[in-house]
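Labels for the chains are A, B, C and D, by order of writing; each one numbers its residues from 1.
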């Protein structure tokens, strides 16, 4: 199925579900800080496997524990449904477990 | 610092701290089952980075979500302190967060 | 397209094109020796990307510069056309440049 | 051994040996175009292994087959001997085989 270009209204409607992503320079944008380079590059490898299987690849920058990702779709010259699908998969890779907020437990994870 | 060969008594004393590892055919051995291939190979990449930095590499087998790892040290013809260090790092990679058992919460992670 | 189980006659006919591969224990089998762990794991990462995109994964073993790969197809309980496609892609990854045979030059690469 | 900051004169003297690298914004800079994403990310994985073992990491950007790398050394606030060592290793990874110049052959590889 070819990528479908999203209108500004569609993007605005979808953004709240794409936790942590915003539109910067016409691309879906998010920055992650990992524990160290090993964690960052391990996550990048998982994203690479997912992206290659989708045949939809990120623009990304890394230095040590930091990973900056921009998503857009060349074939539609904008942001497509594919970008939101990949953004969601990237979130699952970088944030597999949401922090637990336990009242009174004194420790999270 | 060169690897130090461990005696059977030393290995027996250290094993309880190396959660999930046992001695099989004279090697530290553990098997992991991940969510899928993407998770398994992402973890393998993290182990590869750690192993290359230690210059101490695993013998390992993978098929889809399964990763089987054997550790020993050629230079000492046996199990060394390096193997236990790597085993510990591998555990941290494959099991970053122990499951929380919260009384009455009805859900873990 | 689902994987298609190959008969023994079909496998025998295809094997000569799959350079370096043989049938061992009912699987396509090949062993590679790379320059070092970095080269071996770099090639494994390329194979992982290709395999995930095909949704067809190898059984493989690695220690330092050595990579041992077995291919078969669970869904058909045997060797399928997918295994030969993956074997060919693996060859291209591990052996990117065929040796040059230059008359009189006395050296290839 | 800690990284050693290089003077402008030292950098100018070393640059001719670092094939393809130039100084951009105070960092060693080079851009590579690979065959495709699989080749690019396979090479990035090899660089990641080398960088983690050196504990000296690149700033890098990737989109599909393109890899842009900047090297400098935070601890010395400039370019150090480590950057030139890593640049050389990166060249060996991305350009494993120098082009053959065969008299009269009219083609390399």
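A few comments on the model shown:
As a convention for this text, a residue touches a chain if its C-beta (ideal position, glycine included) is under 8 Å from a C-beta of that chain, and two chains touch if they have at least 3 such contacts.
All figures in this text were calculated on a predicted structure; none of them were measured in a lab.
Think of each touching pair as a link: the shortest run of links from subunit B to subunit D has 1 of them. When chain centres are set by their Cα atoms, the one at the greatest distance from subunit B is D.
Contact tally for A-C versus A-D: the pair with more C-beta pairs in contact is A-D. With each centre defined as the average position of its C-alpha atoms, the distance from subunit A to subunit D rounds to 28 Å. Subunit A and subunit C have Cα centroids lying 33 Å from one another.
For subunit B, the set of residues that touch two or more other chains comprises 37-38, 41, 45, 48-50, 52. Chain contacts in this assembly form a complete graph, since each chain touches every other chain.
Considering their complex, residues 45, 48-50, 52-53, 55 of subunit C touch subunit A.
By the touch criterion stated above, subunit C contacts subunit D in their complex at residues 37-39, 41-43, 45-46, 49-50, 93, 97, 100, 102, 105, 109. The touching residues of subunit C, when paired with subunit B in their complex, are 37-38, 41, 45, 48, 51-52, 57-64.
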